[in-house]
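Chain naming follows the written order as A, B, C and D, and within any one chain the residues start at number 1.
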Amino acid sequence: MIEEAKRSFDRQGFMKTLGAKIISIEKGMVKIACEKKESLTQQHGYFHAGVITSIADVACGYAALTTMPKGSEVLSVEFKTNLMKAAISDKIIAIGKVVKTGKTLVFCEAKVTDDKEETIFATLQGTMICIQTKPTE
Amino acid sequence: MIEEAKRSFDRQGFMKTLGAKIISIEKGMVKIACEKKESLTQQHGYFHAGVITSIADVACGYAALTTMPKGSEVLSVEFKTNLMKAAISDKIIAIGKVVKTGKTLVFCEAKVTDDKEETIFATLQGTMICIQTKPTE
Amino acid sequence: MIEEAKRSFDRQGFMKTLGAKIISIEKGMVKIACEKKESLTQQHGYFHAGVITSIADVACGYAALTTMPKGSEVLSVEFKTNLMKAAISDKIIAIGKVVKTGKTLVFCEAKVTDDKEETIFATLQGTMICIQTKPTE
Amino acid sequence: MIEEAKRSFDRQGFMKTLGAKIISIEKGMVKIACEKKESLTQQHGYFHAGVITSIADVACGYAALTTMPKGSEVLSVEFKTNLMKAAISDKIIAIGKVVKTGKTLVFCEAKVTDDKEETIFATLQGTMICIQTKPTE
């Protein structure tokens, strides 16, 4: 499902708006990077919490999709973001991982760090749901 | 603090990127509207969960700021989004309200609806922190 | 499903331990009351956050069950508690309500108040899942 | 602050009710164990989500307290529990860890496992607040 995840990511207009890119993808893990530009800032000039959350959610969603059966699609049910530190770096990386898969629900966690993956700016915990679609033959 | 909230909102580059606008602001309550464009979509062409969360967080943050003492600034500590329904409308509205104020922390809730404020697409619950800055005299 | 909810509640050993009682139940809404005793306290002698969360979760779970088809059981997927104020009263009431039902998931909210339902001590937002069991005929 | 954390734990009537015990405590990390008895069960005879959450919250709270200055007390601001699997074991262990300390807020995570710390039943993410009290001299 890695190719399906990439294709689905490419259909997200909002990821283009953020300039977000998948930099690593394997079964159960997706990394997304995003570079700072003024169009992504909050009132003090740092990365907006909404940007941080968006790439963390998407990293989790596609990490979940890579573990689902062929013909599945993924939607977010809920997620929670804890903002631990102002995201003052020039680039942020969201690392989304699957913690537990089920038939219907997949539970994931992400952290958002600087570009060395050292300083943690935020964490996200979320539940993803597997939507069965008919395989397009 | 209503004018301070508006000014702070105007400094958020990311709100311009979303085309988000404050359409109502009073003590403890802020409404933000956002119109659909392809640059804000997820893979099925609906509003992205990240957009929904971003305007809900900002509505809560500025609702909180309107209740804080002069010279304060607001930051999000954490928020949780429950996504109840695909946001299929052409415009979404986030209504953020203060539930409980404290000396340091303010707890807020938001809902994100269609433009008639009838169908609820998502809810957000969040904790905001009051940062005391020296009043700029 | 109101009778099923009551019977399931009665099977919870932990609700007996808390001395928790359903004081109101209708489709989509359940109220549970709990009286203070030393066995339910935190370090300052108030209701423990774990007690508050437990009755709020159960109120949501059974509110959800009342909306599910016959033969269903309910499990909690996730919940978040915001603790707004020390629960200093002698009795607390959790009011759980269904916000949105789906085929599989039901999203609920609860508040926990004093016995006049005036002062809010905590809120909880949670996702419940419907487990289909074979109807016992 | 390790002795203060132990003493505060011992003042919690609710921890006695659960039969919960601190089995390990060091700066930034606390483990709490709890054995199954009928008084702690949900409707299917497993550990109640409320019990799981209670010991995870307390493990986080005291993990946070060990990192705070002398004379501090700790309160939970909010926490979120994800329930990944029915807690079918005879004993559960909550491992609470500090993720990020601040002057006022401490962000923590816990997992609740079987007694071999292998199977994860639930995770909790929470924010704790440091309350400054006058040192008791």
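Keep this in mind: a residue touches a chain if its C-beta (ideal position, glycine included) is under 8 Å from a C-beta of that chain, and two chains touch if they have at least 3 such contacts.
Bear in mind that the values here come from a model prediction, so they are computed numbers and not experimental data.
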| item | value |
| --- | --- |
| Turning angle required so that chain C lies on chain D, C-alpha fit (0 to 180°, nearest 5) | 180 |
| Centroid-based (C-alpha) most distant chain relative to chain D | B |
| Which of B-C and A-C has more C-beta contact pairs | B-C |
| For chain A paired with chain B, centre-to-centre distance based on mean C-alpha positions, whole Å | 21 |
| Centroid spacing, where centroids are CA-atom means, of chain A and chain C in whole angstrom | 32 |
| Where chain B and chain C are represented by their mean Cα positions, the distance between them in whole Å | 29 |
| Residues of chain D touching at least two other chains | 77-78, 80, 82, 127 |
| Of chain A, residues touching chain D in the complex | 80, 82, 84-85, 99-100, 107, 109, 120, 123, 125, 127 |
| Touching residues (chain side chain D, partner chain B) in the complex | 77-78, 80, 104-105, 127, 129 |
| Of all residues in chain D, those that touch chain C in their complex | 8-9, 11-14, 16-17, 37-43, 48-51, 53-55, 57-58, 73, 75-83, 86 |
